[in-house]
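Working notes for the structure below.
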């Protein structure tokens, strides 16, 4: 049982990734797709953060003087945290671009349904051919 | 070969050459005489048909090629003449222009060219395994080269003989003959049946005696197979003729049968049989030309083509039917008419050759075939002269001199050459000896 | 003469052809003079190169460390060049008349002239890659000629041609690379593979040979890769005649010859399993082609199938891998070119004068077009193999070579040759018979508007007929010229 | 110390800075600045390439002061330099070749944004080429995605918006998979620098530990990056995105963006995972099979397409298949063949997209085949470009395509076994199909006698005439593209030498 709970964040991350990916691929509404994308990204961040966490340790920014010892093995791994931060930045910017694109699409087609948009485009194509 | 004349030297091995030897001269004479006689006959018969200029052009061209064939001094020249003879005689077959005659001409063309092509196969191998392509007594095959390849050469020999056999109506390439001969105008049928089939015989003779050589072939399976084929043809031709009602077609089947008598003699490969073969070639030419001319005369005056329609015609056309009776007697081989002597030599040659089974089977088949010959020829005369009671009177009249002359000459020849055969026999014996 | 002259003779028609659509002649005369001047100049130049400067080499470019673009004049290529140099001016003359009613003649003659240079490029290539280059270009330059009339049928034929040709060229290319990666040389030389072959990689070279054989076999219309040839007959007749009976298809055959004798060598192939396989394929194609020709009623398609069959004669001869096989193949390559182009020209003349395309429609035509059908008869007899016309000689040479080789596959080919001879007679002579002997109930109704073609067409026709007869009777000089190729293919000779 | 080792970092940072500066400049100046910056990047990459050809050693360059294994590294060798040069040159030419279209397609206010996107796009591609750090790679993958979508959607009509939406989503799935693979590799090894990961993985592999997670990571990497580089069957987004964008955008997307991910994939396989592990892995066979399917399916789709730019886009799918086929063969020769194809296809396809823009101008803006008849006569440069492209695609010697075919066939013949057979068959089939549709389109654009657009209105005709006179940049770009193609065809030995040298020191 301990083994299972020890890996709990990883399992959670996997499940979330699956949820996010399915929403991204299957949802028709573009905004929902973006939400799915965010869930997916979050799951990866969770996974990374869990990797960086070592039990009974502290953040590496706490100085030695404050704790009274200088054993580096008591620090959590700082790199994943850095990665997660970078990842969040990337994810935010991507989400922003996507949302702006959705706004433009909505202006153009008056719908958020991707299938419907494609349908409208097909119809235009056919009229073009005539 | 003497007096060899080179017309064209294409490459070192290939050249067009002409020369003369006894066999060639014999066939040349035979062919030329027949051509002249039939040509005279055709002067009257031509009233019956259109496009005479074309007909006589090809008639003469065919003769030229046939004459050239008899004088060909090597394999290439013979092949060339053979091909051209086929091509030039084809217009004679399709002269009437009916769909049947055109179909028949195509059939003729197919069989002849197929046969010639098999003959060509022989030339390829002769070129590779022989010393020369020129006809040489005893054959040209180089024993050193064919060592280890005998079986291939035998096959090639067999195939090429069968190939040229197409022209002579030999089984299995005989089927064109009964189709093509009847549809042609009567003069053409006469020379086709009487002379052009002999071109096949000449080619086969040259192949066996002057290219492959009897020493190579004698006693092998090839000889046996060829004799069997000839016997099959003899018997089958007679049977088919017996069952045929259309007169010209009956004669055509008869040709199939009779020419294979000649081939039988050639295949037997001894002097007596070869003599018989050459004699029979001459006799058959005369007789068969005569028969076709008679048939032509009947058709010319009465438009009757079937044997069953001949009833009572003999009384209206006594000369024609009289001659027909003479030809029939000759072909059956009743002494002293012409056919007897040749059959005699054929049978004796076959008996003396000493091939197992075949030495007595061949004469037996000849006898049987002679009976059948009687069976399909005599009824024509009998119907003609003695119609059954109550038959309506037949219409018809005797032909002009232009037609009757050649027939009478041929009939006379049938009788005279049967009775006074020795000059011809001596000449042909010399020819046969020169071959062996 | 130095190597540049080879480049000039190849580039002259190519550049001339490219310029033609740009110059955009409106006047027929001007275009005819221009095209004829280029073609004749190229022919004369090519002939002088073949006769006078054998062995001249030109390395144009080192494409990679192992691949050069290079040219050389040798006897084998010279024979091919000789053939096209004789036939191109005649066909051009013929095409002037034939194309009179077509549109876009500038484009047509542009590509037509370009093809001349490209074909010479094939002939004068010094290695396989250079040949591959021109081989591909030949496909591309002849494609617009096939689709020239723009009909749907023509387009389909064009696509078919393209698919087959490109597939073949690619397969051949793969074979070349395979040879290259296993230490063989793509240079055409006497030694062939030589010491590159070991026990271990022999199977590999066998595979590469099959790739190249079937690859180049596409243009040589080898069964089952022949399908493009009959359909390509929708092209204007000068194209069908010159390209699909001579230049294009012969370049396929020529390439196989190059592979057999110059990339590989006779020693390698003689008696090998791949040789047998290839021989059987060729033998089968010979029979297949003639039978199909016999069944076909469309005039040009019948001739196309006949080409299928005859090309395999040449392939068969080359594949025998003997000195006599090589000379026999080359001889038939020359002679078949002459005969088949004459036959096609007659078919074209008939189409041009009367619009008839089926052999069944030619009843009595000999009366209306005596010259054409006279030539047709001569060419037919030659193709059937009647001595002393030229077709007999080459068939005779092939058959003799086969007999001499003496293996079972060679005999199979021999049998195929004989069967094919019979069918050849049938499918050609029936046309002759129908034209000369229309039969009864014939009133000449189909000849009302049919007249003999004019001198543009009859002069090439008669020239060809004369060549067929003269070369058949006096082949001495030609055979001597051809046997000069032996020393470049067999080390000992 | 020479300046050479600074070039990679400097070119990346230069492009980035210029991008930022562009934001505040007037549109015209932004354009000039972008041109200059890209030209400078070209020059610098070229200098680097020349240095490597003259014997410069492979070097790594640490960003900031933290060294390995924690710091961020760039690594440059002959191959990186060559690919960087190729990317910058093709970007420059694509911008020039499509300039006229950019004027028409992109609103006045958006011009700055477009050039910023281009600069960042090139910046991210160069970073992907040079970086030695997996997470940096991820960040630039995302930048690449955003900017690539940016240059598609900058032409604001319904098609591009919808297309870029699809493109975006597919790309994001790809980069998501890539990210999770990076995380797994990090979890396995504790490193992010590629060379370090490889050492660690080799040790793990030797001990037989963590085979399954490694397998998952490789698979995720493979799928993620092939999604982004449009390996069939993950290529459904490509035709819309590439065909609806403006000419130079299409040229860059088809010519370069796909290739940058392929280069990253090669890097992951050979530098991160390592030759020995990857060769024992089924992923290469999978890539080979899908590459081959791509070669055929792309061509089949292109065959039935009646829209010029969509046809070119489908053709890209087929051509990408060639690259994957080469990589999937798993030998050095195969990878080299793949990289040659990267170069050849970058030049050829970018040229064709630019030329397609020209043809559309000459036909009243339509890209349908029926309107394009005779366009090649009206715009001779485009016509010649299509002839060159066709000859190259068929594989005529002297042209770039021949070299691809030569090296790919050589590689597949050498491999042996079923891989050899499959690859050879695929090459034959795909060559045929490619030849058909390219020859078809070339025939169409030269068909017809008329020298003016048949269907275009009078107004368009006037515009067309004006444009034809002014567009020297376009002509210059097309001519240079043709020269590039011929140069690859004629000087392939040098190219191959660089690639082989680069691969030898790659891992």
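The letters A, B, C and D name the chains in turn, as written, and every chain counts its residues from 1.
Here is the rule we use: a contact is a pair of C-beta atoms (placed from the backbone, for glycine too) under 8 Å apart; a residue touches a chain by one contact, two chains touch by 3 or more.
Not measured: the values here are computed from a predicted model.
Peer 1: Centre of all protein Cα atoms: which chain's centre is nearest to it?
Peer 2: Minimum centroid-to-centroid distance belongs to C.
Peer 1: So how far apart, in whole Å, are subunit B and subunit D when each is placed at the average of its C-alpha atoms?
Peer 2: Computed from C-alpha means, the inter-chain centre distance equals 84 Å.
Peer 1: Centre to centre, by mean C-alpha position, how many angstrom separate subunit B and subunit C?
Peer 2: Centres of subunit B and subunit C (C-alpha means) sit 44 Å apart.
Peer 1: Could you give the separation in Å between the centres of subunit A and subunit C, each centre being the mean of its C-alpha atoms?
Peer 2: Those two chain centres are 67 Å apart.
Peer 1: Just give me the whole-number Å value for how far the CA centre of subunit A lies from that of subunit D.
Peer 2: 27
Peer 1: For this structure, give each pair of chains that are touching.
Peer 2: Those chain pairs which touch are A-D, B-C, C-D.
Peer 1: Within the complex, which stretch of subunit B touches subunit C?
Peer 2: Listed in rising order, the residues are 8, 10-11, 14, 16, 76, 79-80, 83-84, 87, 90-91, 94, 96-99, 102, 105-106, 109-110, 113-114, 117-118, 120-121, 123-125, 127-129, 149, 152.
Peer 1: Note which residues of subunit D are touching subunit A in the complex, please.
Peer 2: 70, 135, 138-139, 142, 145-146, 149-150, 153, 156, 158-159, 161-162, 164-166, 168-169, 172-173, 176, 179-180, 183, 186-187, 190, 192, 368
Peer 1: Could you please specify the touching residues of subunit C with respect to subunit B in the complex?
Peer 2: Going by the criterion above, the answer is residues 381, 384-388, 393, 396, 399-400, 402-404, 406, 411, 414, 418-419, 421-422, 425-426, 429-430, 433, 436-442, 472-476, 479.
Peer 1: In their complex, what parts of subunit A are in touch with subunit D?
Peer 2: 17, 20-21, 24-25, 30, 33, 37, 40-41, 44, 47-48, 51, 77, 79-80, 83, 86-87, 90, 93-94, 97-98, 101-102, 104-105, 108-109, 114, 117-118, 120-121, 124, 128-129
Peer 1: Given the complex with subunit C, which residues does subunit D contribute to the contact?
Peer 2: Residues in contact with subunit C: 391, 394-398, 403, 405-406, 409-410, 413-414, 424, 427-429, 431-432, 435-436, 439, 443, 449, 489-490, 492-493, 496.
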